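What follows is a pair of complexes built around chain A, which joins chain B in one and chain C in the other.
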Partner chain A sequence: MKPASFAYERPCDLTAALSMLAAGSGSAKIIAGGQSLGPMLNLRLVQPELIVDISALAELKRAEIFGGELVLGALVTHADIEDGRAADVTRGAMRGVAANIAYRAVRNRGTIGGSLSHADPAADWISALAALGARVTLRSLAGARTMPVEAFVVGALESALHTGEIVEAVHVPARSVSAHWGYAKSCRKTGEFAHAIGAVLIDPAAASARIVIGAIDTAPIVITDAAELFGGRIAADYKQRFDVRVADALLAKAGIDDAAQRHIHVGVLKRAVQEAAA
Partner chain B sequence: MSTIALNVNRRAVELSAEPRTSLADFVRDKLDLTGTHLGCEHGVCGACTVLLDGVPARSCITYAAACEGADVTTIEGLDEDEVTVELRAAFTREHALQCGYCTPGMLVSARDLVLRLPDADERRIRVGMSGNLCRCTGYVGIVRAVQSVIEARRARNIGPLADGGRTGLGPVGSGRAASSRSEPRSAQQALAPASESATPGSIHDFTPATVLDQRFTLPHPPAKVFAMFDDIAGIASCLPGVALTGVPSPERVEGAIRVRLGPVAAAFEGAARVERDPVTLSGRIVGIGTDRRSHSATQGEIRYRLLPLEGGAATAVELSIGYTLTGMLAQIGRPGLVRDLARRLIAEFAVNLDRQMSGASSEQIAPAELSFWSIASDVLRARIARIFGRRSGAG
Partner chain C sequence: MREDAELRNEREFRSGRSGQGVGARLPRKEDDRLMRGRGQYVADIRLAGLQDVAFVRSPLAHARIRGIHVPERHRGCVFTAADLDGIKPIRAISALPGFKTSEQPVLATGKVRQVGELVAMCLAPTRAEAEDIAASVTLDLEELPAVTDMLKARAPGSALVHEHWGDNVFLETNYEVDISAALDAPIKVTREISTARQCMSPLEGRGVVATFDPRLDQLTLHSAAQMPHITRSGLAECLGMEEGQIRVISPDVGGGFGHKGILLPEEVCLSWLTMRCGHPMRWIEDRREHLVASSNCREHHYRITVYADRDGTLRGIDCEATVDSGAYSSYPFSACLEAAQVASILPGPYRMPAYRCRTFSVATNKCPILPYRGVARTGVCFALELMLDLVAAEAGLEPGEVRLRNLVRPEQMPFDNITRKHFDSGDYPEALRRALAQIGIDAIRGRQRKGEADDRRIGVGVSIYCEQAAHGTSVYSGWGIPMVPGHEQASARLTPDGGLELRVGVHSHGQGMETTLAQVAHEILGVDVAKIRIILGDTAMTPYSTGTWGSRSMVMAGGAVATACRELGERARRIGAKLLQHDPASVVLQDGEVRGVNGSVSLKAIAHTWYRRPQDLPADVDPGGLEVTQGYKPVRDSGTFSYAAHAAVVAVDPDLGEVEILDYVIVEDGGVLVNPLVVDGQIYGGLAQGIGTALYEEMPFDASGQPLATTLADYLLPGPTEVPAARLDHMETPSPYTQFGVKGIGEGGAIAPPAAIANAVNDALRPLGVELMQSPITPHRVVAAVLAARVAERSAA
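On to the complex of A and B.
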């Protein structure tokens, strides 16, 4: 239960961190709060030669609003969001998600960038941010690129990050006044990784919705053309029109063969829809 | 070793420690502050919870080196703390402990709730304490104790902390240090010597602990696919991460498969036995392999069956993949993630196979390592291994 030996570097700026990561060519791991990597190091599931600790980098601790879009540095913690220390453009949606991640002692160190990088399908941010339409900026010595969160997560624990690249920031669009938000998850024990996640951003006025079914052991199902889930149109009565059969079919198509599992996912999604409509 | 300077219970300390030393081991072993207890050592049980820059954090998954310049408060540093004094009295009164192992972490988490929660709502207290496990009390006394302290303080007009006790952003405990580095490890503790690696004389049958069924289709006739499956080197080149050692015989191959699931990486070396039945267009590969780095071993088997599709113009390949994993990598099981990995692996394999059968050269196909197939079993298992990987709670 003690990690294997590793060398440790605490770079003073992002460029130095990226250089160390590039020089480590795959045998170096970035650590921020360490709340996902720490357990894996202790269990010796991960045995990197070098740990590059970015937890002190001030340039990754920003939380700013630019033109209605929130830019959160990768090192912003779940507790920073929960407590409202970081700015918010989602009218509380992100605060609610953050407050129910793991436990307070974990939220005080665990970061939004670290959670995304780890790409655990059962983690909260990959589903919640996909529903909110967020994008993520990745940076390496070669430059930066930005992509939607749903494109960033490739599969279980697999992200679009290349060797030598790190998550720099998350860009969250403002939630419009008419958009309803619902987020539900199923955990057998409070704070553990979810067995099912439903995240919905529904704007009846604009007749649009972003629906996410998460914690399905692979990248979440993200539905941006969601009218079919609501009997063909998204309007004020979307809660009554929510069609569990369509949701079930989506899950079956995603390869979830177990009917009981699909039932749980559909039930959790339905709770998220009900929360949005409440 | 590197020197770590921080403040523990308001006392400045400067000590050398290995980078891998957890904050919990640092205060226990180097400062004899053994009130910080270690239970699970992977962030689940909460026994090691301490205050870092005044708020709770897990000291078992926080490395001391990451806390340069931080303020650490262990249970010993809370003797005179006003809230903790009240909590101790309440824990005694409500029988909120029995063996006491979880109590230091309980008190640290309870103190945080007393400061932050607006009122003594039982549900919020239970949720707030859910990251601290107690195997004695059943929690009733603990919840009552926390409730009573919150009620008493709110009755005395002491309100909750609005900002959660923090002002800056980012992980608590980090960010107060100048840059630093440990001496790079010398060519080091190289991996353990090869010892008797897994290339034993015979490969036995076994009963897999887990079986996954997968299926893909190829736009080629079954006979052609079956012939392709006999070309071990060709098949291996279609499997990402596989490298053959030596020249394969039709019945036996040796090689290695590198697999990676997120941050978990393993290289299984081993051998496999190949069986084929031309009559039923089916076959079986049984293999064993070991990953020296993680001291993990795997046994795996792949059974395949080829079925004609579209009147024989195409082939459905049905795979049944069974494996058993032992050692370090077997500690955490998330079979669902294994399925996802196997699915992605097989999809990649099918694309490469189709490309190879359609005439692409092998260099065009396998970008990474050489590869091959008996190894396939190892490969799949390996992936499986990666799939394992985690729990606790990062969200």
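On to the complex of A and C.
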């Protein structure tokens, strides 16, 4: 379990990093916290010719609020969020998610941009940020583009990143005072990847909701038109109206044939809804 | 016999005075080194010119080898079976009638029979470069149908792991005592029960550093091994060398659990390679190799029927047990130890008049099954204790009641059970009564009636086991495996400055023997524990021993140390008498000095005189000296029987399938405890492993024989938050057969938890009609069972 040999660069600014990625033309890999890439290198699941270590890019470590929206640089760590070092517009929702990612040692090094880029279906941010309505900015030498998180995650370990492109920042909209947040997951043990995630942002005052069922074998199921899950309307009594049959049908439609698996996913989603209503 | 033993134990048992002897709760001496990161493990050993080895391993479970292609640039760094001139395959036979022998080539020849089997070895200055070379070697394999299901493997027409056998059965055994007498019992419960294949997962994996010294004409193998002398015997057989030409050094070892008792093909390979190439070679097992290619254990299947009367009295057990033994018979334990043992240990500490058990050790295209802490007992305990709960449910009785009705009673000790296991001592019902009281069985029943605010369901489960330990020649001679333990030996030497060196052939890899063996010696000689050095793990430094396995070390090596120290003390006493100018009959050895009516002389002064000032000794002094080697066997070598009652309270979430352990009580009886602190540690560690068996650990295979849990992301081990703060209670019924009345207790902690936890889960879910008969109890299995029970209920309605 030793990696195949690779070249290593640690650029000092984003432009230099993007140039190296462009020159690497697909055989380069970015490393930030290394919490997923490290083991994959050791197992030789990936054998890049070049590793571009972006951990020196100060411009990706910023966390700032612009016009009510939080912009988190890709290198902000889970621990930065957990400890409140990074600004917050979600009224603690992101802190709560961050605090339960894997183990503290992983949170110290693991980054929000790295987690999104890796696009592991069982990881927390791709589900939580989709529920919060976040967007990501991707940058290459050619320029930048921005898209919703749910569009960014294409499938299991598959993102919309093109060759030479990097996750630059995450844009998180402010959570309104009337929006309820619930996040639940089921893990075999403490710190383990989840086998079911439910993330809900429900605003009964606005009669709107973003519902995410995550940790399935592919990209999370993101429901923005969620009324059907609550018997046709989203109102103050949404907890009582949550319809497990509709959730089950969504999972079946997503190709999950195993009834016990669906049952666990629905149960976890129900916990998230209950937490939001609590 | 029992009274005599108790008297003797009382006489010998005087730990109280110095606080360092038998029974003292001493912190472990070795922890000063190990906890500061100053341990020396195989991977820490640096030798000049060391090269690293990586292996090309089979990617397929079953295939014919058509060719091995080594790129031109790597010729000379890659070796295959064709290069291994004069190396014999590993053969671990058993003399049990009908046993079929497998030959495990150290590098594959003709066929590969498991994923991860060694095909070629590659050497380079670093492991990463060696892995590069290994990756460049291509194998031309013709895939054959894989044998992956031990039950189907028994059926005619199955693909064959070893063609010349004609079937896939290493060994079939049959044991019966009048089963027909049970058949008319009013309660008859039949189930299939199984335990998953596991990986042992010590913190440190295996590892080998091999070097050859032409001056000594000696191969030195540093290996993370539990049984260095057995490793040496096995190596000598495979390499065709004299045992004296081989020295095996096992330095600090980070956990063994059975995995490190096995002679590895890697050990043979590196031995050959260092002699071929003339410089030291190293191979350190990585975690993927550990999971995929080695260390598998526990995969049992039972078809079992228990017969009982309406009052819960056991009438008999009828069982067919199958163990997936994997592709090869491992040295020295063989492929049949696990399954064939099931037949003799299934009845456990219960009385019954009728019994039948048929066992099958089945070959499959998986890695060999190895004896893991508890060996067959964990599976047996799981099967029987789950069945007893079903009997209780059928009889409408508390599970504890059924057990109390059938457990061997203290007044029956010593007791020969239906399979002629000889129980030396103990009060099993008392252990159970204490466990039930401490877990608060009545309060839990009340709580269950009220229900939980969070909709989880509470359950309580108990399990009992007995652990035969330190069983010796009379037991193992019948097995006829390459290793039969005889007398255990120890050497004791007083140093010129009054220190004590003990050389012992067992090894310590977490058991704390550098402390506990010193306590035994202190008990006899009174030498300060700080001045006692325990020398272990080196065939050149220690007497021959089968090593550390079967919870035997404290009974056997402890007994040998006591015996050697007694003889050493006797010699010192005679010298002391001379120095005191007393009649030897009038002096005693006490608290580290020889005392007579007119004075005393310390062991230190005696040693100094003997070695450094022999001119002060009279001419007629006994010339035997202050270094002795003595052999020891207990009065009876059929083994000590330690035991425990475990009780668990769990909360089960029927929606998510999550199981939380709320409370856990262990009442154990390990005879006289040499060091209760060390025993506590053994039990906690075993409990963690038992929780792994119960809830987490599983190595699944697909139909083509590919192992599916190849990293620790997929092979889940319990961590600190999954192991509850268990409450321990010790009973100390001495064994009548051993020094001080000690019993072996190394494995027990890992035996009972799966059964206690499964019984608790089933107790929680029984009102839902749910029954889980398979380990591990995963969230998916719980929810699937809950849903199935709902469907069954609907269709019944």
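Following the convention adopted for this analysis, the second predicted complex is superposed on the first by the 278 of 278 C-alpha atoms of A that agree within 3 Å, B and C clash if a C-alpha of one lies under 4 Å from a C-alpha of the other, contacts with A are read in each partner's own complex, and residues count from 1 in each chain.
The definition used in the following text is that a residue touches a chain if its C-beta (ideal position, glycine included) is under 8 Å from a C-beta of that chain, and two chains touch if they have at least 3 such contacts.
Since the model is a prediction, treat every value here as computed from it, not as a measurement.
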Touching partner for A:268 - first (chain B), second (chain C), both, neither: second
Contacts of A:260 with chain B and chain C, given as first, second, both or neither: second
Which of chain B and chain C A:207 touches, first, second, both or neither: neither
Touching partner for A:110 - first (chain B), second (chain C), both, neither: first
Touching partner for A:188 - first (chain B), second (chain C), both, neither: second
Contacts of A:125 with chain B and chain C, given as first, second, both or neither: first
Touching partner for A:252 - first (chain B), second (chain C), both, neither: neither
First (chain B), second (chain C), both or neither touched by A:4: both
Touching partner for A:43 - first (chain B), second (chain C), both, neither: both
Where chain A meets both chain C and chain B, residue numbers: 1-5, 39, 43-44, 189-193
Chain B residues touching chain A - in the complex, by the definition given at the top: 2, 18-20, 22, 25, 41-44, 46, 49, 52, 55-58, 60-63, 65-66, 68, 108-109, 112, 126-128, 130-132, 163-164, 166-185, 188-189, 261-265, 293-294, 328-329, 331-332, 334, 336-337, 339-341, 343-344, 386-395
Footprint of chain C on chain A - complex, ascending: 1-5, 39, 43-44, 186, 188-193, 195-196, 258-261, 263-264, 267-268, 270-271
Chain B-touching residues of chain A, taken from the complex the two chains share: 1-12, 16, 29, 31-51, 53, 55-56, 58, 60-63, 73, 75-80, 82-83, 85-86, 101-111, 114-115, 118-121, 123-125, 155-158, 189-193, 216-218, 255
Complex interface listing, chain C residues touching chain A: 126-128, 131-132, 135, 286-288, 653, 655-658, 696, 711, 713, 716, 718-719, 721-722, 778-780, 783-784, 787
